[in-house]
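After this come two complexes, each holding subunit A, first together with subunit B and then together with subunit C.
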Partner chain A sequence: MREHRTTIREFLGQYFHIGGISDSEDIFSLGFVDSMFAMQLVLFLERTFDVQVEDDDLVMDNFKSVDSMTSFLARKESATA
Partner chain B sequence: MSAQKRFQTVGVVGAGVMGCGLAQSLAASGHDVVLVDLTPEVLEQAGKTIRQNLRYSRLRAPSSAKEPTSAVLERVHFTTDYEALGRAEFVIENVTERWDIKKEVYGHLHRICGPEVIIGVNTSAISITKVSSLIQNPARVIGMHFMNPVPMKPLVELIRGYYTDNGTIEAASTLLAQMGKEGIVVEDMPGFVTNRVLMITVNEAVFVVQDGVAEAKEVDRIFRGCFGHTMGPLETADLIGLDTILDSLVVLYESYNDDKYRPAPLLKKLVAAGLLGRKSGHGFYPYSVDSPSSF
Partner chain C sequence: MNPLPPIATRDRAALSNTQPGTYRAFAARELAPYADAWHASEAFPMATIRRIAAEGYLGMTLPRRYGGGEASWSALAQLAEAFGWACSAARSLLTVHSMVAHTIERCGSDEQRACWLPRLACGEQLAAFALSEPEVGSDANAVATSARSEGDDYVLSGTKKWTTFAETADVFLVFAQEPNGLAAFVVERSTPGLEVDPIRGLLGVRAGGTCTVRLDGCRVPRANRLGRPGMGGRFALATALVHGRLTVAAGCVGLAQAALEASARYTSERHQFGQPLMSFQLVRRLITDMSVQTEAARGLTQRAARLLEATQPDGPTATAQAKYYAAIVAAKATADAVQLHGGSGCSSEHSVQRFFCDAKVMELIEGTNEIHQITLAQDVYRRHGAVLQTNGNANVFGKTDA
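Take a look at the complex of A and B:
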């Protein structure tokens, strides 16, 4: 799971300076990115981790922080395991 | 024609940014859509774009998405065959703002669509009266200038051509109401209200950057911070597409024969370099190519 976390942080690092942001912080409320960026996150997670983001998964809570994305991936992977 | 009836099947010609947004908006409001473009590749990309943008709408406002994404998409019939428009009760044309291209498309519509079918011209600059001369029964032709992104913009500029009759205006208003939108009727002069004012503003903002008066981000900040605009003129240009801006300016320039519409050389240069804004990944600003294309 540490690997997922690292990969997500690397992706976010392409768009803003992530050094001072903890894994639990809401990147949208911090104002670094807008809601359009959430869709980029959805596509990134689908491509990189080979998961399918379904309609019911399309809620901001799943993508708002590194922790939420890591938990989301864990749920998806356990559901398909 | 009966303006009060509900339109169920709507043809959309052109699957670019506007055509995709329109098809999405129509399908999401329960209409069957026949989306026509020239190649399977363009249509395949359109399918992906519409799906992404439906998902984005759901993400932004989960409560507004009443049906599964797949159910909405199933109402869009993607085709390269103009004949499929034969079952449409209303057709909205969204092809490139070039007269030679429009002329060819209206040749197809003239042949395939019955004289009672309402024809909406989704243009930002081309004369509705001139377009209506390409088709039988010009009274059923009306300008419908949708704004981008179509699903998020509640107002539409409706343009009355010289021959457009009141029944056609009522019919277009009915379709817009079915889509949860409203039209504002204006008269047919090049650029109407929106583009006549917007394009010259965008063009002057490009001149400001070209002349080194300010950088793009400073120009946009001034419009947002000083005038309360949601977006500055250059961000707006990137959203619309710099090629579309250039095409619109050329149409205005040729229509009024007035130098005030001459396109800025920097705008021409960016378009020539393929920097078209959001849709190409770079315009006045860089974008990720994964961005939903019509947002």
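Take a look at the complex of A and C:
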């Protein structure tokens, strides 16, 4: 999971300065995420971690922070294990 | 500009059958000779829609298991360019139909895919995309059409406007507000309470079957909602718009190409002061700019298609860049084409008049030029650590760097 966390931070770092953002901070409320960026985020998670983001997964709680995305990936991976 | 990624080997990208010559030949045979007449009569013949469907173009990117052709985004862009070159109304049909089908494929359940995609893939059903409203254009958050849950159904009420090819559509992808946020619904034309009124006298894409769609207490089954409201609805919208923007960008490249070809032909045949127009340096400058800018727009569009088919996260932004630039190029090229044709360019006897009218519309649909200027700049600022936060009327420019 630490690798996932690092990879997610590296991805986000391509799009905005993530240095001052903690893993628990809500990137939506910080103003970094519009609907197009949310789409990029979903594409990134699917492509990088080989998971399928289903319709029921499309809730803010799964994507709002690095912690949220890491937990989401853990749940997806345990579901397919 | 980022380097191009390798072509993805997964799914449909590998199954692409790109045949731009075939697309152009179809467009030259079935669309271009009639496009001016369709523009004048503000009607697109159903027989031509059937011929487009028979070629498999309406479902070309859908999976084979649903009757689609599993062609790549690049192939779709090439087809859209060929259609845009011949007839923007035909390109509009391709855009709205395929963006709805693609959104159902990406955001729908297995049951929803099985229900609608086979019929959309073969063109048995035609689709239209219903987002804009009389008071809602660029600000999708302000959609006023409502969806009220009632038992096993939703009841939709509101008015949609500028719905392209609504005149012939059998199903509509309607965006409406639920208490939990924006949601997308598939609404069949036969639903009681749904009325379609054609809008006549438009400047461009006059054969595009554009209508006002009224939803007066339309009751649709709960199973017709694509995904969850809120982020699910926004995701469905973004999915549709990215698809639409790629085909509009490609259509603009086709429009600019058509303007270039018409201008090269006219200026080589027309004589003034005892010599062909093409001998004048100011004419050559316009032709050169038209040619180079069209090629640049084509390059941006092809890059966006390749990023999308490689599921690269930069794909949506690249698509917005391509649409923004290609629309400007099409507007400039078609205006210059009219200029080069002189008085003849203002006449319906020359197709450049139609190109000019259609190109203006391209600067408005799938995100106006100004909306793209705002959002693409936002992307630049975000990458540089600065974000403009909008809360109601208060704009806060927040530095986020540590």
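As a convention for this text, the second predicted complex is superposed on the first by the 81 of 81 C-alpha atoms of A that agree within 3 Å, B and C clash if a C-alpha of one lies under 4 Å from a C-alpha of the other, contacts with A are read in each partner's own complex, and residues count from 1 in each chain.
The rule is simple: a residue touches a chain if its C-beta (ideal position, glycine included) is under 8 Å from a C-beta of that chain, and two chains touch if they have at least 3 such contacts.
All figures in this text were calculated on a predicted structure; none of them were measured in a lab.
Considering which of subunit B and subunit C touches more of subunit A, the answer is C.
Looking at the shared chain after the overlay, A:Ala38 reaches both subunit B and subunit C. Contact with subunit C, but none with subunit B, is seen for A:Phe11 once the two complexes are overlaid on the shared chain.
In the overlay built on the shared chain, the residue A:Leu30 is in contact with subunit C alone; subunit B does not reach it.
Using the contact criterion defined above for the overlaid structures, shared-chain residue A:Glu46 touches subunit C, although it does not reach subunit B.
Across the two superposed structures, the residue set of subunit A contacted by subunit B and also by subunit C is 15, 35-36, 38-40, 42-44, 55, 58-60.
Residues of subunit B that touch subunit A in their complex: 52, 55-56, 58-60, 62, 65, 68-69, 288, 290-292, 295.
By the touch criterion given at the top, residues 107-109, 226-228, 230-232, 234-235, 237-239, 242, 311-317, 320, 375, 378-379, 382-385, 387-390, 398, 400-402 of subunit C touch subunit A in their complex. Within the complex formed with subunit B, the residues of subunit A that make contact are 15, 35-36, 38-40, 42-44, 53, 55, 58-60.
Taken together, the subunit A residues at the contact with subunit C in this complex read 11, 14-17, 19-21, 30-32, 34-44, 46-47, 55-56, 58-60, 63.
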